[in-house]
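Going by the order they are written in, the chains are A, B, C and D; count residues from 1 in each one.
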Amino acid sequence: MLADQSLVLKAPRYTFGYGKKMVEETVALKSNQQIGKNIWLMEFRSTLLASHAKPGQFLMVHLGERTKDPLLRRPFSIHGIQEGDKVMILYNVVGAGTSLLSSLKEHDIISVIGPLGNGFALPRPSERAILVGGGIGLAPLFFLAQVLQKDQRNTVTLFLGFSTSQEVVRIQQLEELGVNLSLTTEDGSLGFKGIVTDLLDQRLSNKGPIKSVIYACGPPQMLKKVAQKATTLSLRSYVSLEGYMACGLGICLGCAVKAAHGETKPYYYVCQDGPVFPSGMIDWEVL
Amino acid sequence: MAVLPDLSVDIGDLKLKNPVITASGTFGYGTELTPFFDPSLLGAIIVKGLSLRPMPGNPPPRIAETPCGLLNAIGLANIGIQAFIEEKLPVLTKIEAPVITNIYGHTVKEYADLAKKIEKVEGIAAIEINISCPNVEKGGIAFGTDPDTAAAVTERVVNNTTKPVIVKLAPNVTDITTIATAVESVGAKAISVTNTILGMAVDVTTRLPKLANIVGGLSGPAIKPIALYLVHKVVAAVTIPVIGLGGIMDYRDALEFLLVGARAIQVGTANFVNPKTAIEIVHGLTDFCSREKVSNINQIIGGLKTM
Amino acid sequence: MAVLPDLSVDIGDLKLKNPVITASGTFGYGTELTPFFDPSLLGAIIVKGLSLRPMPGNPPPRIAETPCGLLNAIGLANIGIQAFIEEKLPVLTKIEAPVITNIYGHTVKEYADLAKKIEKVEGIAAIEINISCPNVEKGGIAFGTDPDTAAAVTERVVNNTTKPVIVKLAPNVTDITTIATAVESVGAKAISVTNTILGMAVDVTTRLPKLANIVGGLSGPAIKPIALYLVHKVVAAVTIPVIGLGGIMDYRDALEFLLVGARAIQVGTANFVNPKTAIEIVHGLTDFCSREKVSNINQIIGGLKTM
Amino acid sequence: MLADQSLVLKAPRYTFGYGKKMVEETVALKSNQQIGKNIWLMEFRSTLLASHAKPGQFLMVHLGERTKDPLLRRPFSIHGIQEGDKVMILYNVVGAGTSLLSSLKEHDIISVIGPLGNGFALPRPSERAILVGGGIGLAPLFFLAQVLQKDQRNTVTLFLGFSTSQEVVRIQQLEELGVNLSLTTEDGSLGFKGIVTDLLDQRLSNKGPIKSVIYACGPPQMLKKVAQKATTLSLRSYVSLEGYMACGLGICLGCAVKAAHGETKPYYYVCQDGPVFPSGMIDWEVL
């Protein structure tokens, strides 16, 4: 399957679906380790993915050739790129697929398709980037923070909320990136006690002198509050959504989310129109 | 030098260079998977089910995974026949594989109107009628479960087109052969077996159905034995070619359908799991025939032995 | 101290201490799995399908595995009602769980004769009629696919016994509710949904069917979404209790069936994979109810929410 | 599942199915390694199994909790017992189940049920034991050789046939047991060139002065020839059969083999009446 590994396999006579760049690649795991309560970090090398991926994009990960159950690939955000070609996935073990994934070991082979979807629209040079993550919603924000810190054109403030301290992962690495980091836990075992949007409310009582852009990833209820907050403060905000995906490639039409009233389409497709959306595009009533 | 086996098959007047077709609703509008392989290498391409007007589809969740299966209630979302002809077809016709449109309507007249529209355009090799979609309330289900209605729809489409008409059957019937013979008798040129099987799933944590639509259509490897049996039955009942599908994941699955007598096969859900499945099946069949010294794939078709 | 949730359910006059029953043909004659757990802890036990005379069953191969599924064509092999009563029942009656006999015949009269024989013996709590077995040529299939025949068999059994009669339906029909209401109207006290689904598989290396009988019945997780949908439909159509089965592997699967309205569930193929499945489901349901503060399992039954 | 680990969990008021001793045990693998072309050796410790197993008995092995495909347990003969409690399985990777099994590593957990079925009826003290194995048919014969050599009451002669030398495994261990060993390969790459029954024909042209008993395991065609040979020489012979099994416990009635004409039952069940049968019990015409 690696035979034709050029990033876009242009067939001669017609252009591609969406003209997107994507590959199917078979990679050997560098590592796959538990780093928190039900949270695992997986790493593999891929020059192709690493050089083309943008923060907010995702991969469709196949769980191995040996079984047809679970059947479908699973979508995961690109958590970050390190050492030039090391791709990371940060994931929560929640069901059969992620449990199977967590059983894989170094040198085990998986097939990944990506990079898929639209990434985060980066802030303008003068803007402040406010990243808001709930739980595993940290996954794509780390990559965004990596890129923003490398560019050094924006101040990056990161608000992260977890249920409890055992879920708090990747903090040292975030601190090494040099972002302004605020933590909340619902049980108060670490950082501010409460949910992340409460902290956001406190800290973001007004627009402030510098214009900010909000980037959020987490549970729907959290995203909804962030979107409302952004509207109240007239700030641009981008949310990274999840959705049940069969293909990740725009062919199954499974990953529909209801578009906001007034949008030209009744539904957007998370894999193709997202996973990152300007929050105004989504109908938050039914999410 | 070894001569490559001849994989070409005839579906009535339609000549396919190999028996591998992509199934409706699982291959988009035909070019989405071109980053993975050249669709010109396929036997044929069947596009997403089209209706007279664009359809938004069902609210989410639209899909749920079940053991070795996929439940979907997409709700036949599609851009409508007009947009398809204007926006998608021009690119599609550059593909050197026959393009088959899959159509559905809510009334017999809608099917007929779709046939008329398609009849006028070039670049469409055949029409596959979906009389079996379980997703839309007043949709396919009624047509596909009764021989007379199935025949009525088929006849109206046949009368309004010169293109070969393929009828795609619903599995949820007591005796599928009655539907198969009914549509054959009014001029269907081929029969596709099978569409998805009605199913549902429940999230026990939320106590909600996993699909907003409650009921969906089951596809994927889970249904392969059921689909294979239905194909086996229909092959015995009709003289027109049967196209087999349901849970085909690799060339060995494809061979099972060919052995029971399917003239061609379709790849559906597998496209989601591995977008290269269809082309890998073409290669797999080629290698298999070479290995087994089969010079022509037609020697495999219907070649099931008995003990 | 926490009070244990009440898992007991009523199937008509039959009181079960919990809704977990072992399915016919997958639990032998009731005591084979005693090395693994005490069957007295189950809601009820349904034994292998019995006929008037002993039946040798089909030639091998009788089983084949499919994705997440099991195809079987055992051919209803059994020792016959007489040997069952003489050799198996005396041990079985020591189990403190209701024993239900599953019966099948080739004619309506055979069903009636079986009912008469069973009526005379003690220790059998109910009769489940298999009108749906797809394995034996002149067997179940004919009865289960037509409402009138299904009703005829049911009525004759009901008229020949004072024990509650449960009818086990075939899934391979266009509208299962017509069969369900037909058997309800003639006195069935409960309905089991579903028996196996017709299917086949081919060994592409030998080009032989994987079953000597060619066609078999599909069971296991693969069919769960289909079975769940059928249960959902039947629950809406009848007022008598419905017993759900098809692909139940653990207590979460069992909950799916209970939520759509099944009054009890049966465990089939799962017994082969993990002989302790049934008892683990009893424990799982107990824990679930405790966790979710459900004091009585009847609060779960039919508790499906909608969006 | 290990809670009730007594070998026979007697429920109080009634006796067990067949009164057989069997357990379901969850064991951690000691090792699982490829030792030949598609041939693997798996080892785990189980005092219960090791102390009760008899040569010819088998185990039903579950392939792991993480997937339902393959669904069913797979039957494997007990290949041998070492170091008191180390149970061995010798297996051929032929399909999805054995492929999944071969992916397991040390410390991975599997559930096994056993010991199941009837073992080989041991020879009388004066008799010579002739063991005939084809390919992976070696699996149960090794255990039989172990036990016979330990008892030291019989001369043990082992004829083993393989397709090619790459499949020849466990020879050193057999030699250490001190059995008389003859090898054949179809391609002549090792030992006698030909099939094992040809060699048997040559070496066993008559009963000999000492009465022999034949024990055979391998492909049906081989077993049939062995059975014929035994009949010709009026020797007792036992064959270990395979059969498609769903349960291994006598409840599915899947593993039927046709009984010889004149037997009282039309079919025997491999898991329960076998897997070892006196060769006269089987209808060889239809096997």
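What we mean here is this: a residue touches a chain if its C-beta (ideal position, glycine included) is under 8 Å from a C-beta of that chain, and two chains touch if they have at least 3 such contacts.
Note that the coordinates shown come from a computational prediction; the quantities given were computed from them, not determined experimentally.
Common neighbours of chain B and chain D under the contact definition above: A, C. Chain pairs A-B and A-C differ in how many C-beta pairs they share in contact, with the greater number at A-B. Chain B and chain C have Cα centroids lying 34 Å from one another.
For the pair chain A and chain D, the distance between mean C-alpha positions equals 52 Å. With centres defined as mean CA coordinates, chain C is found 46 Å away from chain A. Of all residues in chain A, those that touch two or more other chains are 68-70.
Multi-chain contact residues of chain C (touching two or more other chains) are listed as 59, 67-69, 220-221. If touching chains are joined by edges, the resulting network of the protein chains shown connects every chain directly with every other. Within the complex, the chain D residues that touch chain C are 1, 8-9, 11-18, 20-24, 62, 68-73, 111, 113, 243-247, 249-258, 266-267, 286. Against chain B, the residues of chain D that register as touching in their complex are 68-69.
Of all residues in chain B, those touching chain C in their complex are 59, 66-69, 71, 145, 172-175, 197-202, 204, 206-209, 212, 214-216, 218, 220-226, 228-229, 232, 247, 252, 255-256, 259-260, 303-307. Within the complex formed with chain A, the residues of chain B that make contact are 25-28, 31-40, 48, 56-65, 67-70, 72, 74, 77, 91, 94-96, 220-221, 249, 269, 271-276. Of all residues in chain C, those touching chain A in their complex are 67-68, 221.
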